[in-house]
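Below are two complexes that have chain A in common, paired first with chain B and then with chain C.
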Partner chain A sequence: MSESIIKTKGLTKTYGKNDAVNDFTIDISGERIIGLIGRNGAGKTTLMKMIAGQLDISGGELEVLGEAPMDNLNVLNNLVYTYHNMDYEKARKLRVILESYAIMFDDFDLEFATKLLEYFGLNPKLKYKQLSQGMASIFNFICGISCRTRLVMLDEPVLGMDVTVRRAAYEVLLREFSENPRLFIVSSHLLSEIEGILSDIILIDNGRLVLFDNIDELRESAYRVEGEKDAVEKFTAGKNVVYTKSGFSAEAVIYEPLTETVTSEAKELELTISTVRAEDICIYLTKENKEGELECLWQKAN
Partner chain B sequence: MRINFDSIKPIYIQVAEAIEDDIVTGKLKEGEPVYSQLILSRELKINPATAAKGINQLVSKGVLEKQRGLSMTVKIGAADRLRHEQRDTGFRKIAESLVDTAIKTGITKETVITEISQLFESGAEKAEGGETYE
Partner chain C sequence: MFMAKSELINAGRLTRTQLSGKKLGGLLGFFIVIQFFFLTDLSAALYTIFKENDGIDYYQFADNSFFWIFGMSFAFIIFNCMYRYNNQNFAVYPQTNNSRYLSFQMITYTYLVLVPLTLMVVYLIQYGVIAAIAAGRDNVHLMFNFDISFVLAGFVVMILYMAILAAIINLISVLLRKFKLYAAAFFSAVLVLGLTNLSVAMDIFAMLTEFLIYENSLWKFILKALVSWAILFTVAALINKYTVYYKTRNNKMKSERLEIIIAIAVGVVLAIFVVFAVLRFNENLYDGPDGGAESSVASPDNNSSGSSYTPSMPPQGELEFDISHLPRGSNITVQVSGDVIIIPNSDKIVGWGNSSDYQFLFYEDGTEIKYSREQMTIMLPSELDNIQGDTLHVYYSNPWQVVDNTEIGHLVNAEFEARFEGNVLYIHYTFDKNVKAVFMPLWSFMWQFEHFKGKGLFSEDVFGTYASSSANVNIWISDNTEYDGPWYDTPTPPTAKPLP
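Let's look at the complex of A and B:
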């Protein structure tokens, strides 16, 4: 086992009465690209900000590179955290902001960052406030990945980027990872887009850790059955069902690995088995079952 | 070699199958090194860990082997083995889905057989034509 980079135990962050992060326990080590996936308000940003030492913790334990991150230069010199509304002085030129990164971090590669600006077509003489949302995201992304720190956390890095730029950004990230392996944590809503470059996924919901798994294992952790309603019901009894739908045919998603016993059981009931996308598994694991509620939206109360 | 990110097939399986295809078609030769994890990662834009998983699949299947101190190479005899396997499982799958469609749409067994023998004949003609041209 390699040394832990992020280690938490029962980590909690409370705002008033709400737990933004709740009893969160995880141990992350190694050099890899991890996707931090969760719905809006799931606690992704709060978690990253605590790890980055930018937010006090309310309870539990948090160690980054073996120490508490808050006000700890040993830790803070070795990690970078970028998010969409970084509070740079808005009138500063991009070049000047990059230079200040180079002053802050020993491991910041200014030459690489400058080349990336050009690669993404950003003029270094522009002021940060002149950037559109997509351009600001590109700039933040450049700042983040040019830090060759042990830990790089990118919070919603592709926000507002168009699809062409997003693809370029994923490619740059992957290449940078293979040239300079370190731990990247990337939060995103767009799992389907980035899952190719990820090795692992952390799924967070309501401030709680739902799963931390290898992406390929996640894909094999569930399966879908389809067929006649009665047969589906008979099949799913006693199984861990995370999603059901009945329409032309009934379907259900079972959050259990597919075994040979199950396969033959399904065959007997004339059910079709198929795999479930990683993104869909995450959706099923983090949403309340709202079947039928959509219809209610258009019903008038008398 | 391409990865279909929309496919429900795990990426590492796609990597393994793509390498197998290159072995079957002779693009990768027996006894010669296979693509490295890094090259696969770059070319296919996938995580190196996923690429490694695809390679390891083929190692445990006995298609690739690790040379001492050297890279990963294609095992001698792998191409033939894979060809047989593709013939068996691949062909079986296509036949099953063909029969399935025929039954669903009410095509008789005789029609299917006639259709196939016709396709076979025109295929054979094409192959012969190709050979004479050579």
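Let's look at the complex of A and C:
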């Protein structure tokens, strides 16, 4: 078994009475691209900042590369954490910022970064404050990906990028991973876009770990059934249902592996079985039960 | 003790990173300000040097060392207030609490050394330019001597003064970061107590400062200052080492704002206290422990600068001529030549005035006489009639001008001559015109060191003494000082008759 790169046990971060990360236990090793998926405010950024040694932990254990990351250069020299709207001195030129990375990180590839600037059409003489949100995202993505550290964490890296640039960024990320394999953690609340490049997924909700799984296994971890309402209700009884919908017909998503027995049972009840997209599984697993709440928004008070 | 070798290397890299972007920003602005002072000063000095005048003219270069000491104190306060904000901008890079703090100190002390270094370089350039001009022109005089050991010693002393101020400000800042509202409350209380008992607070502050750094001996000062700085720096570093705060700012902006307000208030009060402490030291130097320095403005009649360094009174002389051979009631004719201005009809003068170069007399008929301080004035009848005495006394004063405690009147080489032949008194007076005196002070704070005193290196009174009197001549006759005779009856001085 390869050495753990990130290992947590009951990791907690609290702000006052609020738990941003709660009892989070995980063990990540190897070279792969992991998606850190969660809704807004799920605790993705807090988790990454703690891993990057930028926030102290409130409880539990956290080891990165075998040591606590906070104030530890053995760890911090081997990881980079960037996000879409990094704070740099606004008047700094992009070239100067890249040179700063090269000073601070032994593993920073300045030549590669400069080529990426050109590839994405960014002028190195531009000042950081002159960048639009999309351009800033590209630039921060370039800074992060050009660090050949053992751990690269990209927090919402494509925010503000147009679809063409987003696709180009994912292509670059995938190619860079194949050329220089290491552990990438890419956070996003939109799994559908990055699903294609991920090998694993960490799903976080309300600061808690919901799942940490291989992306292919995740896709096979749930299935959808559709048919007559009574048949669906009969079929789902006793199963781990994460989503239901009823109208003229009914449908349900069951968070369990699809087996031959289940397939036969569905066939007997004349139900249709289909796969569920990984993103939908994540949505169903993190969505609070608000059935009926939407309808009440338009109801008049008596 | 404080950090590992890897942290030292990291701090060095972080410093390089933080300074790299400031090449064209802060540093350029900083140097533009200094160059502005430099160019303005040098231009004004050259204008004074090359402007023709009838007497002596002087130019005082500004010594900005005090200005920069206080200016940089406020810069240090702002640096400290922006500590966390600045960290946010560099949070992406690997660092530790210690290396981040050390890097901040390195940047602070880089600027700290840069200021006196720039002042010294500017001084050396300015001195070189003026000295080169003075070498080619006899009329230009540099009033303060050049001594490289003084220049270098002052450079070190200024660094130490600023380092101690930086360390004090840093310590306050670290305490505020560590203890937050508790420290803010403590410093607020100290401020309020200090301001409501100002004299007591200043006494305590002056005593403390005197104990810490004030010293007549340069070497003892350096030792005291270094020890004081090391203690302050170490205490702050230790507190910082055990303070957990993050590279990224959190949302506790209210306390941060409060820290900034407190830090600025403490800084302002500190600066005021330092100014008063400096003045107090100065008083103690010259007037003993009771202080009580009098007015620094001196005049020939009321020369009361209160400073033991006040130069002597105007150079005066008296010539005696035996006139006993003249019969009683005879007349003496006065003939003047050279740079003598006769002031006629003194009883009709209604006012006087002066500018930097000239003095003026105003008559009741609206006419005026203008003369330079160096020209000799004589206020007498054209003939002394009905002489009753046996001895003719001729009293004269050469021009005298004290600027910044230095007498510059002697630079005009005034020569007075009087002769009595027959019944004629011949008076002749000349001086060099268009003389320039240039004062180029450096490190004003160096008056505290005995070693450099009395060597003409700087003004030895922080207040500066300014005084002047014009050249003039008076004639008296002993035994019976009666004489009368026709006064010059026109405001315009008559053409001087040359000596035979």
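Assume the second predicted complex is superposed on the first by the 301 of 302 C-alpha atoms of A that agree within 3 Å, B and C clash if a C-alpha of one lies under 4 Å from a C-alpha of the other, contacts with A are read in each partner's own complex, and residues count from 1 in each chain.
Criterion: a contact is a pair of C-beta atoms (placed from the backbone, for glycine too) under 8 Å apart; a residue touches a chain by one contact, two chains touch by 3 or more.
The shown structure was predicted, so the numbers you read here are calculated from the model rather than taken from an experiment.
Participant: Assess the superposed three-chain arrangement around chain A: do chain B and chain C clash, or do they fit?
Facilitator: Here the two partners, once superposed via chain A, fit next to each other without clashing.
Participant: Draw lines from the C-alpha centre of chain A to the C-alpha centres of chain B and chain C: what angle do they form, to the nearest 10°?
Facilitator: After superposition on chain A, the angle is 140 degrees.
Participant: Just to be sure I read the superposition right, which of the two partners does A:Leu211 touch: chain B = first, chain C = second, or both, or neither?
Facilitator: After superposition on chain A, A:Leu211 lies in contact with neither partner.
Participant: Touch test for A:Cys143: chain B only (first), chain C only (second), both, or neither?
Facilitator: second
Participant: Which partner does A:Leu159 reach: the first (chain B), the second (chain C), both, or neither?
Facilitator: neither
Participant: With the two complexes superposed on chain A, say which partner A:Thr82 touches: chain B (first), chain C (second), both, or neither.
Facilitator: A:Thr82: touches chain C, not chain B.
Participant: Who contacts more of chain A, chain B or chain C?
Facilitator: It is C that touches the greater number of chain A residues.
Participant: With both complexes superposed on chain A, which partner does A:Leu174 reach: first (chain B), second (chain C), both or neither?
Facilitator: Only chain B is touched by A:Leu174; chain C is not.
Participant: So, does A:Ile33 touch the first partner chain B, the second partner chain C, both, or neither?
Facilitator: first
Participant: Regarding the shared-chain residue A:Asp56, is it in contact with chain B (first), chain C (second), both, or neither?
Facilitator: second
Participant: Could you tell me how near the closest CA atoms of chain B and chain C get once both structures are overlaid on the shared chain, in Å?
Facilitator: 27
Participant: List the residues on chain A that touch chain B in their complex, please.
Facilitator: Listed in rising order, the residues are 32-33, 170-171, 174-175, 177-178, 192, 195-199, 215-216, 219-220, 274-277.
Participant: Can you check the complex and tell me which residues of chain B touch chain A?
Facilitator: Spelled out, the residues of chain B in touch with chain A are 3, 5-6, 8-12, 38, 41-42, 45-50, 53.
Participant: Which bits of chain C are touching chain A when the two form their complex?
Facilitator: For this pair, the touching residues of chain C are 4, 6-7, 10, 13-14, 16-17, 20-21, 25, 88-99, 244, 246-248.
Participant: Which residues of chain A touch chain C in the complex?
Facilitator: 49, 54-56, 71-74, 76-77, 80-82, 86-89, 91-93, 96-97, 99-101, 103-105, 143
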